[in-house]
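Look for chain A in each of the two complexes below; its partner is chain B in the first and chain C in the second.
This part shows the complex of A and B:
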């Protein structure tokens, strides 16, 4: 997770307004889920992966690894759509006999399964496009533009920062334990892990108190009044995104029925 | 002389009963450079948190510009926290936001300044602390020295009258420490703010401060010009301190009659070299 964060912060599409990427991701996602033509879905995936690899310059192996996660779970999910149970074998492309029933894949169920798979995959690629080109702080900023409640955003901000402090502390404890034989053998490992866990909570508590103290001394009164760097809208990006979405819509209309 | 802060007979104990400050009194004037030296656990951090009203003395009084601090008066407390800025020892305790820029904006944001003014101020202090290049970075990917400078920027952005730094050079390499001390000098010259810093590096305190306090076990046991205070063997022994090496060299030369110490004493390595130049 942490090394992915590093790529997000250094990606090359970061310098324009995050709102334009959110709008593009949402619009494209909307097109993907309303449309049923596999060709549109495949185009969406290709465009998003293309942006990530060639414009954002995120390394290919990171993209591949990230896509392998939803693809495996999608394949399992889609199997349950493709496989049908019926009394008769008629219409099944191939089948298996289970008692008095047949377990098999029909032409129609296979088609639904493929469309569902591609649809989900293209939606996921839109999501990945946004989260991999937009660091968390800017995600929070776009949520603010969308008028999300301030308390929610403040919490998100603190939680995000605390995750890093938490994990860092955990690793420090782990390292200091392992350098004193803490994880040699099963029994010692169990014991050490218990200590790590208990102390992590205590340390996190103290840490949060320290942060609260320092917030107070900078005049904290219950709300995190912060200013974000000024982001510029890029007209060339907006044009490109608009052009792509228009193209996708035309492609959908031209290549068949919209659901 | 008018003082900005006066603490009179402050007593403070933590919840577990640790008496961190014992009837402590001290006075802080404007446009000065102070150092507070003392061992770990002497009570330096606790004292600083009294100065900006985060901790409340159980006994004793705190005065700000001749006005007694009343902890129920939130307007006075807010004013105190704007004008007495504290840079915490551990930058991870201070940087609450994952965005460097946002974190620096937090103080001025609380002061309710208009956004353009805040932005201008942020840029100014970030350039001054050499952190402007880091503005789009995530806090968790910064080095310790960079975090330290960002947390200094976050406090400078509030334009405090007194800037307190809790062990600003602890854990930094000599080059980074030097940069921080130079930065503090520049800030002091430019804004005329009073700077107080705590340290257990006595050489640093000797070289940098106009006036030093020696703290031990919750009390100020000695104060004055560094060249006077750091010559008192009994004070140094009590506070577990060792005489600054430059002062040691000068005094040694005086003892052996090679140099007269009536003239102004060297404070830094370079000044010492110049001071030694005429010895045959």
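This part shows the complex of A and C:
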């Protein structure tokens, strides 16, 4: 687990309205998913990384580390798209035969794979832009403005509050188990994991009861209210974001075929 | 040709998902129409889930319990369990959740977990949230729950029923994901079907042993729960009517 929360809470783009950033991230994400030109995708990545590094002032190593997270699963994913199975070898750039079939990469499948890789990378950069500049509490606040169901938002808030406690507890149990050879061999590993989760579940349950009691004694009636600061929409930000998205759309239109 | 073969096998070995998030479709991976399609497909289940639990969640104590369960599911999916083949990967947890809370509640909890995985860990994503919800929070839990009910009706013991529910929950999740990928990226010859065979056979290597591991793990968890957490299970049973401590 890699905690990004401390960087999120101290980022320099936090002051403006979180809705601006969500709208910008989603609009840009939509553009990069609909469009097939690599130029646009690379530009999106550059813009988002630029915002993160120079305006939000997120340290470079954090950005680098975060971008390295999805790379493995992305590579696996695009490899499976690129590889085609066929009875004939025709049209394959390189191939290998398995029984009466050929496994290989064709020009078209390679192109699809590369475009998908870039698309995914640019969409991920939009996601990171939003996630790294907006603390979870503000995400929930924004969802509230968008009229998401109250039950759902309450659950989100609770889950977010508990995640960090449980992750820490789980890893402490894991460390103490593995320091006693708890994960030696398959049978023992499964048993140890079972113990870990069952104990974590029991602990969680007791915790939820204790929290309920303490909340009740403070007048809890089923709602957790948080004071949210008054956010102002910044017109300069909106202009900049709109300008960038417009530029991306124009770039997509004038650099070739749109999907 | 043989050096090529060796190179390909080596590459496959290098990239095969030993530490796989293979079950989540990455951000931006699906074409727009499929992303939209799966979002619309999972929406009715989510609405059903929210309406069916919001009545229960008027009880503040139960709301907190659901909150901790969501966090628990998140942690469960963030840790790696060992697989029979010696590799390790992440359990889905849909079997355990569906049996403990029922599939409707699990679809909401699953959705929240997937959202947090996208926002906090960059596993999955916002554009593919619909597709991932459909496979992990809709198909998985509903199948697991159905299997559990059928197995119990057939007179099988709790252990076997739990094992089957968890394994099938895991397997159908991955089947759905393979199908989603195949529909979005049909093969050049043979179309969707050939593509589905391809995606299935690639992930079958890692996923079948993993489903068995998750089944075994869920039995162990369940045995310990029924042994030591009788009171909690009984309380839970009052609310959800699924499983009671014996």
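As a convention for this text, the second predicted complex is superposed on the first by the 197 of 259 C-alpha atoms of A that agree within 3 Å, B and C clash if a C-alpha of one lies under 4 Å from a C-alpha of the other, contacts with A are read in each partner's own complex, and residues count from 1 in each chain.
Convention: a contact is a pair of C-beta atoms (placed from the backbone, for glycine too) under 8 Å apart; a residue touches a chain by one contact, two chains touch by 3 or more.
Nothing here was measured: the structure is a model prediction, and the numbers come from that model.
Contacts of A:211 after superposition on the shared chain: both chain B and chain C are touched.
Of the two partner chains placed by superposition, A:144 touches none, neither chain B nor chain C.
Looking at the shared chain after the overlay, A:170 reaches chain C, while chain B stays out of its contact range.
Contacts of A:55 after superposition on the shared chain: neither chain B nor chain C is touched. Look at A:6: by the touch rule set out above, it reaches chain B but stays clear of chain C.
Of the two partners chain B and chain C, it is C that touches the larger number of chain A residues. Within the superposed three-chain model, A:226 lies in touch with chain B and out of touch with chain C [touch as defined at top]. In the superposition on chain A, A:135 makes contact with chain B only, while chain C stays out of contact range. When the two structures are aligned on the shared chain, A:160 is found in touch with chain B and with chain C. Residue overlap on chain A between its contacts with chain B in one complex and with chain C in the other: 136, 157-158, 160-161, 165, 207, 211, 215-216, 220-221.
Taken in their complex, chain A has these residues touching chain C: 1-2, 4, 26, 29-30, 32-34, 66, 69-70, 72-77, 79-81, 83-86, 94, 96, 103, 106, 108-109, 112, 116, 119-124, 127-128, 131, 136, 139, 149, 151-152, 154-163, 165-167, 170, 174, 183, 186, 189-191, 193-202, 204-205, 207-209, 211-212, 215-216, 220-222, 259. Taken together, the chain B residues at the contact with chain A in this complex read 49, 52, 54, 78, 81-82, 85-86, 88, 90, 92-99, 101-103, 105-112, 115, 118-119, 122, 135-141, 154-155, 158. Considering their complex, residues 1, 4-5, 8, 11, 15-17, 19-22, 24-29, 31-32, 35, 50, 53-54, 57-58, 60-61, 63-72, 74-76, 78-79, 81-82, 84, 86, 108-109, 112-113, 115-116, 118-123, 125-127, 181, 185, 187-190, 194, 197-199, 202, 213, 216-217, 219-221, 223-225, 228-229, 232 of chain C touch chain A.
The touching residues of chain A, counted against chain B in their complex, run 5-6, 9, 14, 135-137, 157-158, 160-161, 164-165, 168, 207, 210-211, 213-221, 224-230.
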